[in-house]
Each structure stands twice: as structure tokens, then as C-alpha cells.
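The following block contains the structure, expressed as C-alpha cells.
Per-chain residue numbering starts at 1, and chain names A, B, C and D are given in the order in which the chains are listed.
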Amino acid sequence: MQPAVEFRGISKHFGAVKANTDVSFTVAKGAIHGLVGENGAGKSTLMSILYGYYQADGGDILLDGQVRQIRSSQEAIRLGIGMVHQHFMLVDNMTVLDNVMLGTEGGFRLASHRAEAEAKLREICARYRLDVDPLATIHDLSVGVQQRVEILKQIYRSANILILDEPTAVLTAQETESLFEILKLFKEQGKTIILITHKLQEIMDITDTVTVMRAGRVVGAVETARTSKEELANMMVGRPIENNLPRAPYSPGKPVLEVKGLQLKDNTGVSLLDDIDFTLRAGEIVAIAGVSGNGQSELMEILSGMRLPTAGSADFEGKPLPFKRHDPDGLPLVFRDLGIAHVPEDRLRDGVVKNFSVMQNTFLGYQDHIKGRWGLFDFKRIAERCAGLLKEFDVRPPNPDLRIGLLSGGNQQKVVIAREVLAKPKLMLVGQPTRGVDIGTIEAIHTQLLALRDAGVAILLVSVELEEVRALADRILVMCGGRITGELPINEFDTTRIGLLMGGTHKS
Amino acid sequence: MTFEDLHLGSIVVSTVRNAPVLLFAAMAGLFAERSGVIDIGLEGKILASAFVSAAVAFTTQNPWYGILAGIAVSVVIALLQGAIAITQKGNQLVAGIAINIAMSGLTFVVAQYFFQQGGRTPDLGEARLGEVVLPGSAAVADVPVLGWIWTQLLGGHTVLVYAAFALVPLVHWVLYHTRFGLRLRACGENPHAADAAGVSVERTRYLAMLIAGVLCSFSGAYLAIVQSGFFLRDMSAGAGYLALTAMVFGNWRPFYTFLGCLMFGFFGAVQIQLEGVDLPVVGRIPGALIQMVPYVVTVIVLAGLMAKSVAPKAIGVPFVKSR
Amino acid sequence: ADPKLGIVYDAGGKFDKSFNQSAFEGASRFKKDTGINFIEVQASSDTQAEQVLRGLARKKLDLIASIGFAQTQAVQKVAKEFPNVRFVLIDGVAQGNNVNSVTFKEEEGSYLVGVAGALASRTKKLGFIGGIDIPLIRTFACGYAQGAKSVDKKAEIVQNMVGTTAAAWNDPAKGGELARSQFERGVDVVFAVAGGSGMGTLQMAKEKGKLAIGVDSNQNHLYPGTMLTSMVKRVDNAVYDSFMQMKNGTWKAGVTAKGLKEGGVDWALDANNRKLITPEIEKKVLGARKDIIDGKIKVIDIRTGAACPA
Amino acid sequence: MTTNDLPRWATAVALPLLNLLSALLVAALVIHLLGEDPVESMHILINSAVVNPEGLSYTLFYASTFVFTGLAVSLAMHAGLFNIGAEGQMYLGGLGITIAMLAFDATLPWYLLIPAGMLGAALFGALWAFVPGYLQAKRGSHIVVTTIMFNYIASQLMNFVIVKFLIPAGEQNTASRVFSQAAEMPRLSDWFPVLGDTPLNVSFFLAIIALVIYGVMVSRSSWGYKLRAVGLNKHAAHYAGVKISAMIVVTMLISGALAGLGAVNSIMGSTHYLSLNFVGGAGFIGIAIALMGRQHPVGIFLSAVLFGALTQGGFDLSLEKPNIPPEMVIFIQGLIILFCGAMEYLYAPVLAKLLKGKQA
């Protein structure tokens, strides 16, 4: 049978960077094909070429055996290619329906086609068991639902080849599962799927074949059934990945953070956090598990001073955290000076200033600590410190003057973590530290966090990845609906039980 | 003169008559900015079209040729702005300001060169647009209230006034109920999403600029051919900036923008009537201070009522394809 | 030898439809009559005024005409530096024994058109539209009001200013709009002292069939039939005379205030408004004119600090 | 448009020069159409703006004001605030000077009087920027709109104040009285007679000092770092502990003070009195300068000098060439902003191709 897609010797460079070098492989019709590789390996670039964003410097793309010139996304769409981007391509202030219709409106007057489109959309939702309200506005929807809208768009356009670039990075286990159900339905209909992910378990679970890329080249193409996670990881990184990182025995010290009756209501009076109580000790990692959107983000924001609670308090080293009355403006600095470091969940929004250089981002939040003579920045010292940091945390490329926006997500994350670690905090708040990060980097980040713990720092970790929770936590708190629904030590780790707690089954 | 002498009717009519200059320009700005292109160059386009339409109307003695020529020039400028913003990916604010400054100088230079009247065109005389007399005006003219409504409020304007008011629902319809409007809004909010959905961001934005050029030209034509009957240097006198203000004030939505324009017109008219009037309590306010009224009111309304205006998210950012 | 002459306009420029333009016309007439050329420059700011005056003085000009009160300080300063160059300052008073300051009694001319306006008005509501609210413009307004009230004590003056920036002199749309608003409030004669903005006023009067009064130069020809008259302020004559005196060697420094008597201001009666000026109006205006010249009527000049009596 | 492929000298020198030349070329074309000799005209322009020492001195005099308004706009821009109100702020700054002078110029010696005037200018400029800043910070009122409104209000207020209170009795000129000699900024021509009798004064050095302080504060101080963080990413700035509201208000205060200080050069350095509309568009030119100078101190300085040169050279041009009205200069200004500011990369592809061709 003809392969659905064939890449023949694709090359692409950006300036001096060779993003793709002589990439060739085929994707069989009706298959789910995995694409894996480190951050910056060239996966997204290759897919962008397939979707018409970039033109390859050399090589051909064949669809159903025919060489095709794909010069724009419009042409790709016409050829039946659909792409779900890692950063959602949705217009925030429009409804689901309008987003789906955009580009395939059907005619000049929307009114005459809207009803039709809505009916079709509802029919699709029913058929694929996608629970989405066509008339909801995007910014009111959770990421998981937004993801579904992206899928809906592709089904609506009856794409035959579906590219998914790290679709599961922001999804919970359940959401991932339901996404995979849909993909399987797709496959049954004979559609072809290319799936990029950093989670090898997902590759094992769902793909038929998998291609591994490294530094712009294809380094392996195998049938999933004939390989293993370890082998894939080895191919990707060029060395085996350690699953069980060494850690000191659990011996928590004195309490660092005591949260007492913390509450948060939004300005319409809806309760976001309710009666949160817990204690965090020196030298332990407490992980908060839960479906995202259940109050974890808000909790982290409050504890880092970015947001004010409506009631309750938190003691840091025995003294209450100085929450202000009305306005959290400036409060994060006060908390940071107390010794609370924070790796924010949304690194691009909160954690870095994209248009600052890497170097300037290495002291975001600590800008008042690096004054030299005259109270001005001592750039020589900063540069030295930065060079050391880039080396120690293996940031690639180790160029301090690059705009950080040009770094891959994983490397941006390394910079943020390095910055917060080097501040020598007493308490570290870490939100989703490895979202969208490749396995090699995950290993590095986990190693850093464990070293911090072993050095006696208290760490509060929020993660939707149970794998990550299992790998790092000493104790697990589960949150649901703004409440803590359960607590268990790591040796009682039990996916089913945690899943139940995450679903709201109360403390047992 | 006393407070009771304020002529409400006259204020309303004056508001209606003054609105088109701002209205056309504000609607033009709306198209440009909802597509993601900042249009601070409204002023320059108004001025250029005012000059060209007056010059051509005078030369041909036909206002319609004037209007057509005004459209052509305004469109050329808008497309130049588009080329800078969309193709060149240059700074849109700079482009707009440059156009305003260049047009302020060029219109004078050219007008002076051709007409030798100090940057003024000769009087248009008969080459102005006539006022529409509604049927039956003569019959109802003397009926109280109704006569006023029929002959002064509704009738007695040029077609451009009706066009300006009809434009508001039309723009609303285009923006929210057509394919083009949907794409336009998407390009202004998240061009990457539009692009990924197969919409050509460039084409949409160029089209928006084209429409902006056409609409803006009416503002200039109204100023020159209807209101004044000639072109005079810098005669736009800040109308472009006020239109922009009305648009920001109206949160980039047609109807609220319309209200913003009317607000300027209304308080402008009130201010005219207040000058030299003995007000209760405060007495007679000096003219210069009375002139502040529309501006002070705008600030108060902005601060008090309509806090937080939300611009289209992608406004002013050149669209560069990448994921 | 022929004298070397220069003229410096202020920010309004020589086409301001107001005193700069009038000065330009006077100088041009002089050139036509004598064949003697003159240098002309526009100074857009007070700093530039000083710069250009000094520049011209260095070129050893014999006489420099500075138009507009904004050049007062500059003239005073540069005149001191160049005692051999002579200056004539229009609309302002500068010290120096090589300076001739020419001011106008705008209030007197305005008084006359006020009389004419009040007589021609049926509603006895008169309009005044000024460019910017400054003493010079207020002087026009006050003289106008005094004249109108002298005809009818109950005559009402509705007064509006176009704006507060330089744009106020170039906003005919606003000038027209103000006139329209005044007409709607019952005004039927309007006096426009607003440069280019006044063009909108005169035109609106024509459109609405109301009467308008022009200013500075004789504007009667613009809209015959609705132009009641014009308050002419003979800046052109002042410049012309000054140049001529220079040529004839009769130029003298000093301060001249040119009123009706000196031919500095007047009302305009010509073929264009002949029909509108009834014999009664003509008689009354000429009577008032004579009384002012004879000193029987004293028109108050508010610039002296006096309050406007009308 | 990528400039990655171009060497630094090309983007920093060659491109701006090409753009400047293009703007002048278009201007030359128009001058030719007006029936004047473009080459001669350009010669006059350049000669009178930079070659002739007196002209250069005027150029730098105008530039001194433009530096201040340019800095005012630039600083606010770093915080993501588009301050269109420099015009009004400078106008009010003039009032600040005037009040200080009317109060003290008979009693204080020059070394106290000049700082007093500067203080007044900064204070009043800051005051006028405070309300828009405060409304933006606390109420989210769009600063573009409020500053435009405040320009109008400033001109009305100043019209009122000057006419009502400041014109000396019996005077025609819409200006305050002339201040005492003690209030005059020392002129550079006192030390360098070659500059001729020009108003270039120590404000020029103040402008340079302001540029240096601005450059150091913005790029080397933690305050400047926070300022830019607010402008680039408010969320990250909040995360970094910046008090955003306070930052906005303070930035606008400083911005307004800088604009206000622009009045020092115009009033205490040249006219020595406050007159109606003395700002004459310097605030708006400040916007163009900030944009063209990329908010970089060197860029601001060069743009300010360029605009100063155009003001001065254009003035002489219209003086010598009767067919070229002063408005021509305004047109050329617009062209330069268009080519150098908005279409900066117009020639980048061509240049890149040329350079590549050479290498290959």
C-alpha cells in the first residue's frame, strides 16, 4: 500500500542552525506514527514544513505517492492535512463554533451557515463523545477542553492526516486517555496520525510505528511493538536514562511552612480554595496531585505572594506570611526575600521575559540583589555567574546574550530552575517543572530538585504527571475542587486511589 | 443670556451634523485595528483626502469626482501603511505618525503650488454636495416638533451624513455577521490561529486597510466638500486623533465607538452654547475653560465608567509565521 | 539708492487671511508702485523671530517690518543690537529709537460694524466669532458690542471662540459650525475675527441667508449679498506707508496708534454690499464715524485694562 | 524581515544612511517639481544646519529641547506606556518656570534661580503626567486617550492662565513679562564666540547629562530592569516583585518631568518669557524622536540633532528659496520618519543579496 506521507531527504536550516538534515521516513496510511526526540531535535520544524509554514531547503514531501509542493497552511488544509499545535491556535474571545468555522465558513453571510455548522458540530461531538459546548467562549474553557476544540476543528474539516505536536503536554491522565480514544476512532476510519510527544509511555500505548530524531537527523525508525521505552530513550539521548534517581533517606526537619485554613474566593464569590491546611518540613518534597484547575495554581500563587487569600494564614518558619490587605503588588519580592523561591507553572507568562536575554532572565526577581558599585548592575560579575549557571545546568545553547524566547521550552525551564535553585531558598514552590520537556532534561531537572531536597530545602511540587509525583515526592496531597481530598505517603502510592481522590471522593 | 436659553434642539442637530467627520474616521480605524494594524495615521489620510477631494471637485466642478479622487488618495496611503505594517513588518506607530506629519506638509506645499492661495483651495461654490430635502418638508415645516424633526433633524443634511449613520450598523454587521468580519477579528486577536485555520492574514489585513482607506476618505471629503467648501491647511485639526480616541473609548466596538463620536459631537455643541452663558452657581465660565468640556468629560467617563479598555490582542505586532 | 527692505511674518504665515496677508499685500503694492523689491520670511517661533531679525539686520537691511505682536520682544532686543537698522512693528509696542510701533484701534472700526450690524439685524441678536480668546480679539469683540449697544441697548451679543491652539485659525468647519449654532439661537448678523476659520463663518452665513461681517481686508467680495460689510484694518497701508517713508527719507521712529482718524481702521462700503447698506445704516455709521474722529464718542479699548462696558 | 544575515555595520550604519538618502531623494523630487534646484537646496539645508557654526549652534539649540521630549516619550515607552502628552507636559512645565520666576527672579541670585526654574518645570510637567499615569495604573484608562485629552486641556488651561493672569497690563503680546537677567541660562557663545549670537545654552549639556543618566538608569540599574520588565511582560514583572501600579505612576511622573524640563531650554535659554503655544510641536516631535531613536540614548540624540538640523536648515531654505515654503520641511520630516523609522529594513534584502554575492 502507498504510504500516506513520505519525507524524502528533507533539509532545513535557520541561519547557522540545521534544524533538519536529510530527513527521510514514511508514515503508513491509517497508522498512528510517533515522532520523538530531544528538545530542539527538529520535530516541530519538520511538521511545520509538512503543514506549509516553512519551505524545505531541499527534499520532497510525497502524499499518497505524489510529490506535493505545500506552500502555505491553506494548501496543507486543502490537501487534507490538519495540525494541532502545541500552543493552541484558538481565538480566545470567540466561541467554539466561530473558531471551528474560521477558515471554512461556507459563505459570506455567517448567519446562513452558522446553524448548519452548529448542527454538524454537535453531531461530531456526539459521535466522538467529545463534551464541548459549541457556544462557549474559548477563554472560559480549561486547557483540556481547548485541546478538544482543536481536535474538533480537524474533524470538522475532515482532515485525513492529523499532526499533533505535543498534545498531551498540558493534559491530565484522564484527558490524555480520552484523547487517545478519539485517536483510535480516527484510526479506525483510516486516517493517518503523526504524534509528537516526550512521554514515551504514550508512544508505547498508542503508536504503531515510531521515528526518533536527534539533532535534526533521523536516528531510528522502528515498529512500536518491537521496541521498548528504554531503547527509545537510549536512541533519543544517546545514553540510557536513569529511572530511579538516587535520594537520601526521608528524614524531614522542622516545619517550614504551615498553611492554616487558607481560603480564596474570586470576585463573583465562587470559592476557589477552601480550608487548606497542611505542613511542609525541611528536606521533604510534598507533591500536590490533581486535575489541573482544581486550585493548585491558585495555592502556589498565594504562597509565592502573587495573589492574596481571602481568609486564612500561612506560617513560614514560625512567622505568619505578611499578606497585604488589598493589592499583591510587590509582595512576591517580600516573600522571595524571606527565602521562598518559585518556579511558576506558566513559564512563558510568569517565569521569563521573552524579550530579555538569557542572562537578564537569570536574575528576574533577584534584580535588587546584584547591585555593585553606585547601586548599578555589575555586568562582569553577572556574566561570570551566568556562564557558570549555563554550564552547571546544561542550558543549550550556552549563549547568555540570546533572547530567551529563542530557547526551546526545556532550556527556558532549565534557566528558571537554575535561577531559583541558585537563590538558596528555604522553601521552593515548583509548578509543572517538566511540561513539554524532553526526557533527558527531565532527568536533569529531577536531579536538581532532589539535590535541593537532600540539602534540606522544603519543596512543594504541583504536577499533573503522576509519574513525576511518584519520582519526586515524599508525601502526596491530592486536591479537588479547591480542597485537599487526601494525603498519602509515597510508599502507599496507588494510582487508583489517587485517581479517586482527584475525582473528588473525600478523605477516607 | 441665561441658562434657559440653551437650545437643546440645536445641540442635537449640531451633534448629528458634526458626527460624520469622526464617525467615518473612527469606523476606518476600527477596521484597521480590529485586523491588528494600528492606525494612528487617520489624521494624515483625512487631510490628504480633504485636499484632493476639494482640489478635484473644484477643478471639475463636480463633488463626486472630488470624492472619488479623495478615495483614491486615501486608499493609496492606507495601502502604503499596510505595506509597511504587513509586508515590511515595520513599526506601525511610526508609520502612522510619519504619514500625519508628511501629509500636513505636503498638502500645503501642493495646494500652494497649484492654487497660490496660501495652501487653500478656491471656494468650491456650486461644486459642494447639496442637502437632501425630505419629501413633504414644505408641508410639515411649520408643524411644531414634527416640523423640526422632519426638516432639521432628519432632513437638511447631505447624503454623507446619512451614509455615516448608516455605516454603524453596517460595520457591526460586517464585523460580527460575515465571513470577512470573522476572519478580520481573528487576525486582530490571534493571527497565528487565523493562519493555522487557513486564513491569509496578509490578505485580510490588506483588505482591512483598503476599507479603512475608503472610509477615512469620506471623513476628509465631508470636511472639505460639505462642511467648509474648500481646503485649508491642517483643516483636520486633530479629528483623526479624536476619532482614534472615540474608538479606544468604544473598546473597538462599532456601537460604542459611535457613542464615543456622538459624545464628542454633543459636548462640542454644548460647549458652543455654554460660552458666555450665565450658569447657575458657577456664573459665567471663561471661554477657554469651557472649551475643555468635551475633553474633561472624556477623561471622567474613561476613568469612571469604562475602566479597562481591551485592545485587540495582536494589535501593532507584525505577523511573523512561526509556531 | 533704493532702500533694502524686509518683512517678517509671524507663525500664521503670509496667507493667514488676516494681518500677515494684509501686510504682504501692502508690501506687494509698494513693490508694484515703485519696483523696489523686499525680502520676506516667516518666523514660526519666538526664537526664530529673533534669529531671523538678527539675520536680516546683519544683511544691513534698511527697514524690517515685523508683523504681529509675537515679535515684540525679538524686535526690542535686536533693535538694540543694530541701531542702524530700522524696524516697524505691527500690532505691538517695542522700545527703541529705531523702532516704529504701529498699533491699531481695532475697537473703533469694530464699533462701526457693530452699529451697522445692529441696524441690519432684525432679531437684535448679533454674533461674534473669534479665533482665540486673547486681548486683541477681545478688543474687536468689545468695540463691536459697544457699537451695537449704541444703536439698541437691548441688543444681545453672542460670542464664541474657535479654540486655543494655532489650529483655531485654520478650522473653517468649526468656524461654520459656531456660526450655524449662533444662527439657530436667533443671531442674524455675525462678525468673524478668526483668520481662516472665519472663512467657514462667512460661508455659513451665505448658506443660511444671514449677514456676515468680514475682517482685516475688505472681504465684501467673497459673498456679495450676505456680506454686510468688513472691518478693515489697514495693516497693508501701514506697511506700504512705512516702506514709502523709507524710500522718501521721511521715516520716523515712535509709537503710532492708528484709528479711524489715521485711516488705520474703517468699515468697507463698495459695490458688493451697496444693496445691503440702507441709507439709514449708512447715515448712522457715518455719523458714528465722524463722532469718533471728532472725539465725541470714546470707544473703550480693553487692552488698557478697562472693563468692557458692553 | 530578517537582519540576521547582515553584519552589524550594515544594520547600524548602511541601512539608516540608505533610508535617509531615500527620504532626501523623494524630497528632492518634490523640490524639483516645485521648480527649484534640489542639489542647491540640499546644499543650503546642510550648510545652514551643520557646516556654518552659527547654524550648527541653532541646530543643537533645537536639539536640546527635542532630547528632553524624546526622553520623556522613550522612558514611558519602556514601561509600555505611549505618552502622547509630552506636548501638554512641556507646556505646563513652562508654567512651572514662570511661576518660579515671577516669584523669585527679583530676589534670588542666578545659581538659585535657575535650579528653581528647573524644579518648577519638572514639577509641573510631572503633575500634568500624574493624572493620566494614575488613571492608567488604578483604573486602566487608556493612557493614549488620556494624554491626548490632557494635551487639549493643557492648551485651554494655559490660554486661560496666560490671558487672565500673565499678560502685563497694557501689553498686546500674549506672553508673560520678561524675566530678569539672572534667570537666563548661560549661553555657550559666551565661551565660544564662534557660535555667534545664538541661544544655544547650558541646557545642551543638561540634555547630554539627562541622556547619560537615562541610559545608565534604563540599562544598568535594577529600577530600569524592572521598568523594562513591566513594559515587556506585566505578569513576569509581577512575579519578579515589581509594584506595577507604582511603577507606572512613577514612570509617568519622571516622563512628565522630562517633558517639562524641555521648557527650560526654550524659555530660560531663549525667549525668557512664557508665551502662548511656545511648545510649538516639540512634544509631538519627541514621539518621532523616541520611535526613530529606538529609545536608545544614542539614537535619541542623533534623531534629536537630525530634527534640530531640519528645523534650522529648513528655515534657512525657505528663506533663500521663495518657492519652497516652510511647510516643505514638515514634509521632509515626515519622509525621514517614514523611511528611517518605519521602513528601516527596506533595503535589508537587497543589501544581504549584494553582500552574499560578494562572498560567493
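Quick notes on this one:
In this text, a residue touches a chain if its C-beta (ideal position, glycine included) is under 8 Å from a C-beta of that chain, and two chains touch if they have at least 3 such contacts.
Since the model is a prediction, treat every value here as computed from it, not as a measurement.
Looking at subunit A and subunit B, the chains in contact with each of them are D. Between B-D and B-C, more C-beta contact pairs are found at B-D. Greatest centre-to-centre distance from subunit A is found for C, with centres as Cα means.
Once the centre of each chain is set as its mean CA position, subunit B and subunit D turn out to be 29 Å apart.
With centres set at the average Cα position, the gap from subunit C to subunit D is 35 Å. Taking each chain's centre as the average of its CA atoms, subunit A and subunit D sit 46 Å apart.
Shared interface positions of subunit B, defined as residues touching 2 or more other chains, are 112, 119, 233, 238, 286, 288, 291.
Each of the following residues of subunit C touches two or more other chains: 13, 133, 164. The set of subunit D residues touching two or more other chains comprises 156, 159-160, 163, 325.
A complete list of chain pairs in contact reads A-B, A-D, B-C, B-D, C-D. Within the complex formed with subunit B, the subunit D residues making contact are 1, 30, 33-34, 82, 131, 135, 139-142, 144-146, 148-150, 152-153, 156-157, 159-160, 163-164, 284, 287-288, 291-292, 325, 327-335, 337-338, 341-346.
Chain contact summary for the complex, subunit D toward subunit A: residues 4-5, 216, 220-222, 225-226, 228-229, 232-233, 235-246.
Those residues of subunit C lying in contact with subunit B across their complex are 13-17, 21, 133, 156, 158-161, 163-164, 167, 170-174, 176-178, 180-181, 184-185, 196, 199-200, 203, 222.
Of all residues in subunit B, those touching subunit D in their complex are 84, 88-95, 97-106, 108-109, 112-113, 119, 233, 238, 241-242, 244-245, 248-249, 286, 288-289, 291-292, 295-296, 298-299, 302-304, 307-309. Interface residues of subunit D, counted against subunit C in their complex, comprise 58, 61, 155-156, 158-160, 163, 167, 169-175, 178, 197-199, 266, 270-273, 275-278, 280, 315, 318-319, 322, 325-326.
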